[in-house]
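Every chain is named by a letter (A, B and C) in the order it is written, and numbering of its residues begins at 1.
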Amino acid sequence: MRRILVFLAALWALALAFPLTVTDDLGRTVTVKAPPKRIVTMLPSVTETVCALGACDRIVATDDYSDWPERVKALPKAGGLYNPNPEFIVSLKPDLVLVSKYGRLYETLERAGLTVYAVRTETYEDIFRTTRTLGRLLGLEAQAERLVAQIQREVYQEESRAAKAKTRPRVYYEIDPTPYTVGPESFIGVLIQKARGVNIISKELGLFPKIAPEFVVEKNPEVIVATYPGALETIRARPGWSRVKAVQTGRICVFTGGQDSLLSRPGPRVAQGLRLLVDCFHGR
Amino acid sequence: MEGLEAKGIVGPYALLGVDLAVRPGEWVALLGPNGSGKSTLLKVMAGLLRPRAGGVFLEGKPLRAYGSYARGRLLAYLPQGGPYPEGLLVEEVVRLGRLPHLGLWGREGREDVEAVEWALEVTGASRFRGRYLGSLSGGERQRVLLARALAARPRYLLLDEPTTFLDLEYQGGLLALFQNLVAKGMGILSVLHDPNQAALAGRVAVLKGGRLLAEGKPEVVLTETLLQNLYGPGVRVAHLMGRPHVYLDG
Amino acid sequence: MTRALPLALRRSLVFFWLLLLLLLALVLGVAMGAVSLPPGEVLQSLLGLKENPIVTEMRLPRVLGGMLVGAALGVAGASFQGLFRNPLADPYLMGSAAGAAFAVTLLASLLGGLAPAFAQHAIFQSLPLSATLFGFLGALSATFLTLVLAGGAARTGELVLAGVVVGSVLTGATTYLMLQDADRVRAVFAYTLGNLAFMGWPSVKAMVLFFLLALPPLLLLGRVLNALQLGEEVARSMGLPLEGLKLLLLLAASLLVAAAVAQAGIIGFVGLITPHLLRRLLDEDYRLLLPASALGGAALLTLADLLARTLTRPAELPVGVVTTLLGGPFFLYLMWRRRGRA
């Protein structure tokens, strides 16, 4: 009896919750009439979050880069950031499309009469904000809170591991061989700090500065992280870099492919990315 | 077998079979309306264009048999208009004329210096030898470009409308210069559009529709009949001091 | 427009100042950078008394390499301006920039990332799949394609047209490949803006090799370029074997451009502005203008790179941005002065 009452209460809450009017990350007003059942996600981190909320079967198509969980790979693909396929999306008759706030995809889809919500998933805090928002949009607010709590637990677990380490190494994180690196206020920058590493880049340089190589040599990082293939040979061969401590001791961690995704998608698997960094900084 | 001879030139473009010769010490004026092929014929005789039929002979040998620099030492060509180096000093421009003798890497010797001096003197360009070509008037520039052609001390001079840009004062000087050069043994073939200038030459050749209409001394060739054939009914010829003068009937 | 000073003196002065400027660029370039080093330490490191890889392994080869790249662009720009009788000709006229960018982007898409890509290896080092090699081959291939399309070096007008066509098509193809991957966009874009960041001693050696190969023929062809200013008909009438000479000129200049682009990416304006500037000081005498453009280009690029390294330190601006931001307005100024004179 009690169970029936709880169920009815949930249904009642759900009924009250919808239709839902929210403001998305572009400042647009979006109205969702009922809990969406046919969702298209155009951001890998959003795909992961929706699936982590248990609503994976509601996704009818994703963008080209979504690849977790495994079942998502079989879903039809609707393009990438620069080359989305709006016609295909419309043909699927989705009741909610989750797009990136960059690009003009939302305009095209809006004109076709679809419900579009633009998401920003760039910073560490965005993980939790987005999870809660998606929970509201999907009518899964309770699951969202549980997911948030779980993520935070996992993160805290890794942070504690890192806290036990004796040293806090100087870290240089290279996302591109031009070279581009990350500032402390970026998502990766926050992870570096949580993993008890000291980013040689200071916050005045912005989120993704193009750094002078001699600055890196001067700062003499003890650990280098790179997230593009072939980084090891590339970095070792650079003029003057053989003196860098990280190069001398061989403490260069290269994360590509799936591992790179863990570090570049602010989503439910953030703790796994953090684990990679903790292992890299404090040895295993 | 002296002379620059064109035999049976057909093509390119308008030429339909032309024979023309310039001998050393001779000034031949080539007249004709637009499109008659005058400039083309000149280029063929300078070795710059290849005819579809016929050939050009220099001192009896086919022009093609000469090495390019050897040809350049014997024939100098001056086009009508065309690009010019604004930023070069007049002296440098005229010096360029010695290229057929110096080749790419030869060093200038006394002969070269003397030739350049002579060319500057004779064209009156030495007055502005220290100025940039771009700062000169059209007429002054024309004289410098002519000096460039003369600097090679060629045996034959091929000129396309050399009197364009020149006002009367200089035109007179130039035409006198031609007579002077010819007297010293140079052969000159000049394309002209003004029959009065052509009248000063030793021989006149008239080109129309790709063929030679007439050739010979000016007083013989420049008749009213012929000129009206070329230029229309209003053309008249008067004879003053044994020379034909062409004018338009008002 | 007569000059006050005697010609020989004025010309010597220009070269004197150019060498001085170059020396200044060298000194400043080694002394300054993203990291502030006291001059004493810099000196000690140069003399071998104290070890500092920043000075000896990074700045010195970067400055020297930058000089060689700048010299290559300057002399190639001057050569093309003379050959095409067009003061707006730049070293990339034959499509070399587009060719290099395309080849590098192709490499990136084949490797699935910009991997060994911007490891600026010298062309003769062991790593075969480097952006340096691809950029070099791409630049040369595009130039050959232009030559073939124009039917040889005979008609200058056709060459310009063919270069434009080849450049446009390759740029389109590059953009298409670039957009297939968001990461690729950033990296290729950085390449197209020019980057001297990792010029080390191997790069310098490679550049020197290409210089020894391609510079002598260019310098010897100064007189030909002068004659060409009278028009191709006159030049031919004077006996110059123009077909062969033009081809030699194009190949030598293109080789230098390909080597420069391979090492440093696509740096604009240096090859355009340097001959322009020097033409006003020297005459349009290519026997002098070519070596002067080499010196001038070297100084210009080195100083631009210095600005790129120090203006936003420790972050670096792409050097192509600096040359464009400086070169663009300066070019406008030159044109305005020119119009004023006429």
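Going forward, contacts are C-beta pairs under 8 Å (C-beta built on N, C-alpha and C of every residue); 3 or more make two chains touch, one makes a residue touch a chain.
Chain-to-protein mapping (UniProt): B = ATP-binding cassette domain-containing protein.
From a predicted model like this one, the values you see are computed outputs, not experimental measurements.
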Checklist line | Per Cα centroids, the chain farthest from subunit B | finding: A
Margin query: When contacts are scored as defined above, which chain pair ends up with more C-beta pairs, B-C or A-C?
Written below: A-C
Item checked: CA centroid of subunit A to CA centroid of subunit B, Å -> 80
Check: CA centre of subunit B versus CA centre of subunit C: separation in Å?
Finding: 43
Margin query: Report the inter-centroid distance (CA atoms only) between subunit A and subunit C in whole Å.
Written below: 41
Next item on the list: Can you tell me which residues of subunit C touch two or more of the remaining chains?
Entry: none
Next item on the list: Provide the residue numbers of subunit C that touch subunit A in the complex, in ascending order.
Entry: 33-35, 53-54, 57-59, 61, 111-119, 121, 127, 179-183, 185-187, 190-191, 195, 197-201, 309, 313-318
Check: Which residues, counting only subunit C, touch subunit B once they are in their complex?
Finding: 1-2, 7, 85, 220-221, 223-224, 226-227, 229-231, 233-234, 236-241, 279, 283-285
Next item on the list: Would you pull the subunit B residues touching subunit C in the complex into a rising list?
Entry: 43, 46-48, 67-73, 75-79, 82-89, 92-93, 96-97, 99-100, 103-105, 130-132, 134-135, 145, 148, 152
Item checked: subunit C-facing residues of subunit A, complex -> 80-83, 176-180, 205-206, 209-215, 217-218, 228-231, 233-234, 237-240, 242-243, 256
